[in-house]
Amino acid sequence: MRIEELRERVCAMYPDLCPLFSIEFGDGTIAVPLERIHSALADLKDMGFDRLGMVTAVDRGEDFELVYRLQSRTLRAGMFVKTMVPRSDPKIPSVCDLWPAANWQEREVYDLFGVVFEGHPDLRRILLPDDWVGHPLRKDYQDERIIRRPDYI
Amino acid sequence: MAVRDERPKTPETVSELPGEKQGLIAGAMSIVKGFSITVKAAATRPSTVKYPKERVTISPRWRGPLALRGVLGRDEIPLLRGPSYAYNELIDDLYKKDRLPPCVGNCPANVDARGQAYLIADNRVVEAYELVRDRNILPGVLGRICHHPCESACKRNFYDEPIAIRPLHRFAFEEYRKIRHERISPFPRTQGKSVCIVGSGPSGLAAAYDLLKLGYRVVMYERERKPGGALNTGVPAYRLPREVLYEEIDDIVGLGLELNTGVEVGKDVPLAKLMREHDAVLLAVGLQQSRLLPIPGTDAEGVVGALEFLWSANFKHEAGVRGKRVLVIGGGNVAVDVARCALRVGASEVKLACLESESEMPCHPWEIAEALDEGVTALCSLGPEEVLTKHNQVVGMRMRSCLSVFDETGRFAPKFGEETTDVAADVIVFAIGQAPKIDQLVAGTELLVSGRGQLVVDGTLFTTSVDGVFACGEIVTGPGSAIGSIATGHEAATSIHRYLQGLPLDGDRVARPVPVYPKHAPADTRGIESSRRRAVMPMADPSERATDFRQVELGLTRQEAMAEAMRCLRCESEVCVGCTFCARTCPDYAIAVERVDEAGARCLTRYDLDLTKCCFCGLCAEQCPTKALHHTGQYELSFWHRDLMVFDKGEMLRPPIGTRATGRDGISPPGCPVPRKEEA
Amino acid sequence: MATEELTLNIGPSHPSTHGVCRLVVRLDGEIVTHVEPVIGHLHRGIEKIAENRTYLQVVPLTDRLDYVGSMYANWAYCRAVERLAGIRVPERAEYIRVIVCELQRIASHMMGIGSSAADTGATSAFLYAFDQREKVIDLFEALCGARLTYNYVRPGGVAFELPDGWIEQCRAFIEQHPSAMLTIDEFFFGNAIARVRLKGIGVLDADTAVAWGVSGPAARGSGVDWDLRRDDPYSVYPRFDFDVPLGSNGDCFDRARIRLWECIESCRIIEQALDQIEPGPIMAEGLPRLLAPRPGDAYDHIESARGSLGVYVVSDGSPRPYRMKVRSPAFCNLAVLPEIAVGYTLSDLLVILGSLDPVFGEVDR
Amino acid sequence: MTSFLLGALWGVVGVVVIAGGAVIGVWWERKVAGRIQLRYGPQQIGPAGSLQMLADVPKLLFKEDVVPSGADKPLFKYAPLVVFAPVAAAIAVIPFAKGWAMFDTAVGVLFFLAVPSIEVVAILVAAWAQRNTYSALGGLRAASQMIAYEVPRALSVAPLVLLAGSLRPTDLVAAWRWWWVPLLALAFLIYLISSIAEMNRGPFDLPEAESELVAGYFADYSGMRWAIFMMAEYGAIITTSLFAAATFLGAGWPFDGALGVVALIVKAAALVTLVMWTKWTLPRIRQDQLLRFCWTVLVPAALVQLAIVGVVLPWL
Amino acid sequence: MAAIDDLAKLLEETPGGGVVLTTLDAVMNWARGKSLWTFPMGTACCAMELIAASFSRFDFDRHGTIPRPDPRHCDVMVVAGTVTRKMMPAVKRIYDQMPEPRWVIAMGNCAVSGGIFYYDSYSVVRGVDEFLPVDVYIAGCPPRPEALQDAVLQLRKKIAAQSISPKRTRAVQSDLAMPSDPRKGDVTATRADAAGDVSEVTS
């Protein structure tokens, strides 16, 4: 499916979010407010996005940008759903009920970014040992065991 | 494609084997089949590698532990020096070995810019000048006017900014100038034969220099009162102060050249006489007349050729355009020169019209940029249609819009649109090319001239239709650059030398390689150290400089020049200069490089490779400009202690073949080969 | 009789965990009642390190993700960066990428089939498969000088031109490979013992596979007809004619045997690519040493030997990526293990794990 | 007293033969496995690496003898010997030549079948003594497997006894005729399969399956104690093959005397190679499948063979 | 090891025992060197080359070196690959399970120093010599199987210098100085230390 078509379908579903649908580097991206993220993802799943490719986060300073990559076999398309989670209170509803695939992915984001997924069945650290302190992929992560690289390019 | 049909077809589903049967018998059969396969396997030759018989050749791209071929301070870089008849071979040899520095390879005359930078950084400036003069006979001149193809091929483009090679020529000349009288003495005349050169342009001078060096007597004739050819008559003085040119030619005279100025061959002296008097004659007369376009109105008053315009502007500082509006037709370097000269001789308004679009303009981008700075207006994609006249006096020009200049195959075939514009002008200068004028010259000889008035010349050997008469320079190549002309001069000198020695002219002569070097997009210079930046050439202020013929470029100071020479990467020299790009590229930050930049005592003081971090990705060796850093054909090494794995400079310089640093005692495991790698 | 479940801890260093996976298993007799994979023993923080490296320096890091199939991570990363920086890759480079990646698929599947065989005790089949893998590695060694971590695919193209005689060497390999594969098919998959060990074990149905995000041979074994090379075509794949082998039962047998047929299909693709490849540049022209794409984010995915491998790169305009995330297929495939391993015996558990073919460099990153 | 001394002498000889055979067997297995797997196997010490074990054995001998802290120490220490002893004992009844065995007893066949079964107990003890989950699982697997396969193994030897009418191995050798081979082919196959299972060799090597249980019931044994386990395993292969060669394949036939002994050893060596070849050819079967195979295939087949022999017997 | 220790002590004290001890040492070291069974502690990329080393193409069995999955049966642990903080206890524990005499080969730069993950990684242990006594270090990322083969040969040389009597253990013969203490740190910090160590030649 072409990306413009996708945009129309999404816009028909969410007229108010249409301006937040951007096309960049050949990928459709929709930015969704935090409180609507779960319902939006559920609607997109009903629309045909049957695979959750990836859940990840990007540290944007004040906020974490949560990035969901959806993939559809029937629509032959992929798109991003993004939302901002405040750093001060990083909580977001889990999508494990929609795609079980989110289970480990969300655990990973929790492990490395400290974003809490509410409603997750088993939210524990996954990659790091259970007694690890801090969330290393945050930009402000401090660890005296890290040796910084020399600063030249 | 028989093989493709035999290829097994993918089944609908992989869950079932073809002809699969269940049950005990079938199961037993499958087990028996398994036995037959293992028996067959046991009967075949094991695929184990037998050392050292089998695995003696390894991939030439083998990524073994790194080593250095040479370092600054221990190893000298080779200077490209040689008599002109052997020089091409030298260059070609290096090129085939992939060891030709891009600056040298991209220069038409293969001037050793690398050696120049090496010597200047070593504070051997005069030596540097003399090295350069061997190939580029007028470094001081070319250091001002060259279009420096070397700099656009400079490997440094890939990292940050190219080396300022041309300003270094100029700097070297300025240093040399102070002591030049001490350095000049005539070449001994050993050959007893004489050569006559007609024309004292760059190509003629180059040939003269080579022949003098080879021990011939060289007599040169020049039509003008001062020597230099097009450099004298055509190049505007704001780019090239004449005293520089005369001084450098004076040096060549000092080397033994017999220069006769003010003598026009063909008019004052017949060419046939010269051919009798000398063993060989070289015609280096260049292009003497400007081309005009066959459009209506070109015979009107106010239409001038570029050469005539430049001549009068250069010598009289007056071209009859004071307060007038000048329109220059053409987009080449000459057109820009004309435009800039026109400003300097008092034109009130200078416009430049050319067929090409802005990005396609044939002139060098820095030239047009400087011209625009000074107030020239460029009108692009316009083709001349008709000169508008009033009472046989130019009032303007009708221009037609040009859609495209070249066709698909790249030939010159302009396509014009419908729109026309009229441009008002009082003087129109045509700078669309030059043509030779040799009728008078060749009169009375058997030299063949083509229908279009051009001399018939062999493009590679520079022979004409008459034995013993050679030609070089723009008369052969057509309008070109000064350094290109010099290159033909060297070639012609080689031909003359071979002719006079009775050797076959072509023989084993190597055609000059014209390699193609990658162009790089401008590198990101954010965040780089100031020592990595290119020295900025100080320029006169545009508003001031446009009013007279003072030099625009002011030259580098000694300090700047030394720093700039130190930036040179010594490409392909196989001597590490401590450029630190390996350390910067290493994803593991495993390399530490330090060097001392004290002139005369430059050396690499530290080259540490922490083999414990190296990931053998090869990025460092791949981008090493000098190819000093390379992968050895060794296996990864094993050690009894981790500290032994930090290789210092001495360890990095270990011989790459025959040793395995294993245990550091040279013991190679029994039954294992010493991997061999082809070494250049 | 009162029975008690036995908790068994397998790994993290165990001959059959294919790396450093720890499985906490609860056993009822020999029957697995619960299994929990504990991963992260190889979590090196590559995503964090990548934030501190220039775009070119990240390429060697991606080699170390999926160390059985380094070319894939190279390629996926380079595609994402090329998308971000707007680099056009020359056609010859695309062909070379396809060829090396299909060779890599063969090399990687040889490991997958081999470890499936080793898990069931057929060590010799593993060695036969590995012998084929060594031949591919010889090709790679001739190509780029490294045996495992190639650092060959670069943003903008590939690092080296094909060496002289390489194409003939490659053709010789793909001539003999299918028949070698059929021998292994007969030797291992045709064997009655192997069949009873693999058939009906670890059944994964198509819906579960999709819901859990399983991709690659693991999903295709369940009949999920999804292959990015065909369904979301990238590079020059649309120009090739190839089949996508599918399974119907979703058991270990299908998952393992699909790999074998994919190798044969890969030979077909390589042959066509070798026929079609034409001389030309192998690197986009004029790339400076430091890439600094404009701010933005890009994602690209390719079909690796383990499934759809995606790389997500965020740029802030500096010469270093702001964030790099690898969507690793092995990670997603492994997540489904607790779903499909319960109810089978301990011996089966390791076979099931092997049939998912996880590579822990990629799972843990 | 003399008989005791003689017994002791023969005991020493048996142990030496078994140990030496095991040493050669390990080398031979490495060579066989190597060739099957497209490689060479040991190469450096001795011709074709045949003296490799000269390095391995002293090394194992002087290896640290680890006793896990949680282990039941006496059991842990002596179980290997108990594993080895029955295997070494079994060689006593093997008829090397016509009418000669170290211990020529009237219940020799019974002795041969029964004594090595004591190994099961020792293995269980060893497995349990280590306090290791893997070894416990391996020991339990071994026990169930070895006890189950006792049945078809015994049943497969029964036709021989029927035909010879004696339980004395030397009588078996004496009574052997060439047509026994086709007649008892099924019994021989069953004997071989169940012996392989009995010895925990591939494809029935579940108790020590590398890919599942790491090293099975001897997971925590190191050095010489582990070597004793290995020796027991290879000793079992040798005694089993020798017994089969002597009884099913007619001992020294077609030669007599010293040549006959050589022929017997050659036949046994061929059988040993076959056992090894099987391990490196076939995948490993699963525990439940293994037991099912025993009870549903091997035992009925052995009974069928017994019935055939029983039917044929009166006509002979 | 108790028996061996006793034997060594006995021979040391017996007159003429030194000759026996020397002979015994020679035999033992030969046997140990020629029969190095490896525990393949493969964690990452290098594990692939470790597997390849014992498979058809390179066939470690030729040298009498075979991989055993059980640490109790092994003589030398080959740590092949990155060791993370999460993995470290497991590696240590397996090493503890190996019987004496035991050796460690750190295969590949991750095991040597953390290699490519030395800088900026929060979870990688910078070299297994932080918690294991490493005998032979192999550079490479990953080293070729031949390099591993070479390391085994190096290890043999090291073993040849050992004795069952701890008093008689000799230093390994080497042309270069052997620094006294394994170092932890990066190049810049330790160049000076290394230079200092060179003067103390142990051989």
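Chains: A, B, C, D and E, in written order; residue numbering restarts at 1 for each.
Criterion: a contact is a pair of C-beta atoms (placed from the backbone, for glycine too) under 8 Å apart; a residue touches a chain by one contact, two chains touch by 3 or more.
As the structure is a prediction and not an experimental result, all values here were calculated from the model.
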item: Chains in simultaneous contact with subunit B and subunit D; value: C, E
item: Chain pair with more C-beta contacts, A-C versus B-E; value: B-E
item: Central chain (distance from its CA mean to the mean of all protein CA atoms); value: C
item: Inter-chain centre distance, subunit A versus subunit E - centres from mean C-alpha coordinates, in Å; value: 46
item: Distance between chain centroids, defined by C-alpha means - subunit A, subunit B (Å); value: 53
item: Separation of subunit B from subunit C, taking each centre as the mean of its C-alpha atoms, in whole Å; value: 47
item: Junction residues of subunit D, two or more chains touched; value: 34, 36-40, 210, 214, 280-282
item: For subunit B, residues contacting two or more additional chains; value: 31, 34, 37-38, 41, 46-48, 527, 587, 589, 615-617
item: Interface hub residues of subunit C, defined as touching at least two other chains; value: 14-15, 40, 43, 45, 48, 52-53, 60-61, 63, 124, 127-128, 131, 134, 149, 191, 193, 290, 319
item: All pairs of touching chains, each written as two labels joined by a dash; value: A-B, A-C, A-E, B-C, B-D, B-E, C-D, C-E, D-E
item: Residue numbers on subunit C that touch subunit D, as the complex places them; value: 6, 8-9, 14-16, 30, 117-125, 127-128, 131, 188, 191, 193-194, 196-197, 345-348, 350
item: Sites on subunit C touched by subunit E in the complex; value: 12-15, 19-20, 40-46, 48-49, 52, 60-61, 63-64, 67-68, 111, 126-127, 130-131, 134, 137, 147-149, 360-361
item: Footprint of subunit B on subunit E - complex, ascending; value: 56-59, 62, 109, 112-116, 118-119, 127, 129, 134-141, 143-144, 146-147, 149-151, 153-154, 157-158, 172-176, 178-179, 182-183, 186-188, 190-191, 193-194, 197
item: Residue ranges of subunit B in contact with subunit D within the complex; value: 24, 31, 34-35, 37-38, 41-42, 44, 46-48
item: For the subunit A and subunit C complex, residues of the former touching the latter; value: 24-27, 50-54, 56, 58-59, 67, 69, 71, 73, 76, 78, 80, 99-101, 103-105, 108, 112, 125-129, 136-137, 148-149, 153
